[in-house]
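Structures are listed in the sections that come next.
In what comes next, subunit A is part of two complexes: it sits with subunit B in the first one and with subunit C in the second one.
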Partner chain A sequence: MKSSIAKHVSGLLLPFVQVFGIYVILFGHLSPGGGFAGGSILGASMILYRFVYGAEASDRKFKYHYMLKIACTALIFYGLIKGYVFVGAFLGWHNPVGTGTVGSLFSGGFIMPLNVLVGAVVAITFYFIATLFEEGDFGNADPHQ
Partner chain B sequence: MDVFNIMVLAIMIAGAVAAARTKNLLGAVIIFMVYSLMMAILWQRMNAPDLAITEAAVGAGITSILFIVTLRKIKGMKK
Partner chain C sequence: MLQCLTLVTHNTASPNLVKLIPLVSIMLLMLSAFIMPLLKKKRHLFGLTGGALAILMVLSFVNVAYIYQNGGYYFDIGHFPAPFGISLRIGEIESLIALLFAIVDLMVTWYAYYSLEKEIKESRIAFFHTMNLLLLASLLGIVFTNDVFNGFVFLEVSTLAACGIIVVKDKKTNIKAGLKYLILSSLGSGLVLMGIAFIYSLSGHLSMDYIHEAMIANLDGKQNTILISVILFTVGLGIKGAMFPLHIWLPDAHASAPSPSSAILSALVIKAPVIFLIKVFYKVYGTQIIHETVILDLVLLFGVMGMIFGSLFARSQKELKRMIAYSSVAQMGYIFFAIGIGNTLGVVMAIYHIVAHALTKSSLFLAAGSFIEQTGFKHIEDFRGIGKEMPVTLGIFTVSGLSMIGIPVLPGFISKWNLAMASIQSDKLYLLIFLLISSLLNASYYFPIIINGYFGEENLDGKVFLSKSKPIKQLLPLIILTVLMVLVGFFSGSLIEFIERGVYTV
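Let's turn to the complex of A and B:
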């Protein structure tokens, strides 16, 4: 899409959308929102960047193998931490993080790291789904492998 | 159930029927987006802001983007 108006308006709008997405992810245990909602907002901002600035610029900024590594690492850590929470609650282990004071950002134990991991996975997955809808495959999205 | 909720529900029913009956595909997608946005307002009115955020981001955002990309791929948009 070669539109100067769309480029300038989205250039002004994208940082606010991404900051709002990160806010929804980070404050998911205190206010409405969470990993899925904030991750979908972040993914929508990445899809907007791809459709406005073109596929080449977006592939340069969001590299395919890099994003895939982030998503897989987030999934593995999600499994580890969630499994630790389940097993630790069942066996009565001591919680190494602690609960913190109610209402502060670093409270709620493992909920905020899990929200961050879920947000990363959901944002990257939505971006990949939109890329698949547009391109059909990841044929020339990965020049490094 | 006050008057505003009933108005939003009426818009949702009309939007659902119109999205199924219209011949213009891009118009159907936009009507579906309006339907989803009214659903988000109704979630907020029923004290479920978490679902409202998710509905507004996924239903009115991502799904409509994917529909419009698909329309552009199959050249279903009328000029």
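Let's turn to the complex of A and C:
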């Protein structure tokens, strides 16, 4: 899709889509939304970028091995935090973050950090799936691999 | 004050830490699975997998030892106790199966270290390990869980991960087999989900013990709903556990996958749903309800059909791995037969046969994989005289094959003998005929390979002694699996006693 209209319009639109995605992720514990919903909005914005600006520009911006590292690190941290909660519930440890004041951004204990991690994983997975359908393999998309 | 504190920590810490083992083992595997894509070198990949599995094995062994002394326990995950949150129930059977899974997977990984890159692309090795560890974590989850919906979630994870280790070879047949498995397995989990929906509407709970209580309390007039839900569970889990008419995905998937994947699929993946099915029968519905329905007779019928037809199909196969895959269908038939007999000894022997078959079939698949890797052939015809070229590997194959046939002392004999006893106990003498026919059929397709491998003038003609044999360090995992299998046969008495303590029936 090499239309200049699409490029201009999506260039205007993308920042707003991404800010909205980040908002949905960050306020997941206070309002409707959360990691999965916000992550899918972010992922959709990345897919839009890929379709409008072409695979090469997109591969330069979102490098495969960095994305993979971010997704795996997010999953590992998710596992560690959730594991801490499960093990801590059994051994009677206290939540080090605390619940905070109800309604403020930094409240709800571990929910917000977990939402951020889920959002990162979901956005990257959506983008990877779109790449996979387009290219057939990740290997072609990345010279470092 | 300080003394009081140490007393408190001592009191709470020392017995509790063992109860963390099930959770920690699942978490350890899942975390290591996602470190894999970040690693590049083969040594690091195998080192991390091996390390995680070795830790898992030690933890599972500690768990078995603890349960041997103190009995089973419940573990509530998170801050919410059982009826609302998820709980794990780890008894004798679950801990034993976890130890078995850890040992078999560790041995398969050890074997894969020397042979995996000959079968799959090097860039796929990290993917294989991610999927392998995720698969093991989900299977442990299915075995441990005391919550039917949690079991369903783990079933889905295991389906996807098992697909991953089938398609890792990147050949057309693999992708076809993987899709076949994916579609049938998703159908199976869908049926399980419908079964869960039915029992949830009956009981209002998802935790097994609470469902059971609620069902016993308002039983009358609900017989049809109970029958529908139990059939949905049986068919859904039967697809995943390769119950006879639903086994059609198994031969393709097991024969086309790389040998380590075949060993894992055959030894572990089809076993966990069976454990879940036994739990559904005896923990969710309970002995009383299950005996009022026809389901056990159906399971018995399918088991008998699997024993006979699985062996007949195996007999007619030309490829070695396909033959072993069909033999898995026959052996799963024995397990369903044991469940279908419906008395305590039957269920105990189902669990015992799961242990025996996992060890036997993984060593058979790895031995067959070594033959194929060293000679390059696939068909049974071409393995004449292999006993001169690879005597130790064929020896391992022979011992495992003898166990499948049911030669005394080996675990196959123990399960067949006790299955016969269980049939007599439940006054179904005609079942002995099927056991005999199935054993003879087993002999009819394992013996020709062994005899043509070791004996016959024209078979051994032109073969050089030990010419294709693998070095001892590559054969060691196979030898360990075989030794463990023989030990399972030798110490069957105490093993069966241990399983009997944890069995759910009354």
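Assume the second predicted complex is superposed on the first by the 143 of 145 C-alpha atoms of A that agree within 3 Å, B and C clash if a C-alpha of one lies under 4 Å from a C-alpha of the other, contacts with A are read in each partner's own complex, and residues count from 1 in each chain.
Going forward, a residue touches a chain if its C-beta (ideal position, glycine included) is under 8 Å from a C-beta of that chain, and two chains touch if they have at least 3 such contacts.
What you are looking at is a predicted structure, and each value in this text was computed from that prediction instead of being measured.
Student: Once the shared chain is lined up, is A:130 touching subunit B (first), subunit C (second), both, or neither of them?
Tutor: first
Student: Could you tell me if A:105 is touching subunit B, subunit C, both of them or neither one (first, second, both, neither)?
Tutor: neither
Student: Using the superposition on chain A described above, determine whether A:36 touches subunit B (first), subunit C (second), both, or neither.
Tutor: Only subunit B is touched by A:36; subunit C is not.
Student: In the superposed arrangement, does A:57 touch subunit B (first), subunit C (second), both or neither?
Tutor: A:57 sits against neither subunit B nor subunit C.
Student: So, does A:19 touch the first partner subunit B, the second partner subunit C, both, or neither?
Tutor: neither
Student: According to the stated criteria, A:69 is in contact with first (subunit B), second (subunit C), both, or neither; which is it?
Tutor: After superposition on chain A, A:69 lies in contact with subunit C alone.
Student: Which holds for A:9: it touches subunit B only (first), subunit C only (second), both, or neither?
Tutor: Neither partner.
Student: Quick one: in the complex, what on subunit A touches subunit B?
Tutor: Listed in rising order, the residues of subunit A that touch subunit B are 24, 32-34, 36-37, 40-41, 43-44, 47, 51, 126, 129-130, 133-134.
Student: Give the list of subunit A residues in touch with subunit C in this complex.
Tutor: Listed in rising order, the residues are 68-69, 72-73, 75-76, 79-80, 83, 85-87, 89-92, 139, 145.
Student: Sort out for me which residues of subunit C touch subunit A in the complex.
Tutor: Against subunit A, subunit C makes touches at 12-13, 16, 19-20, 23-24, 27, 30-31, 34-35, 37-38, 75-79, 123.
Student: Which residues of subunit B touch subunit A once you look at their complex with the stated criterion?
Tutor: For subunit B paired with subunit A, touching residues are 49-50, 52-54, 57-58, 61-62, 65-66, 69-70, 73.
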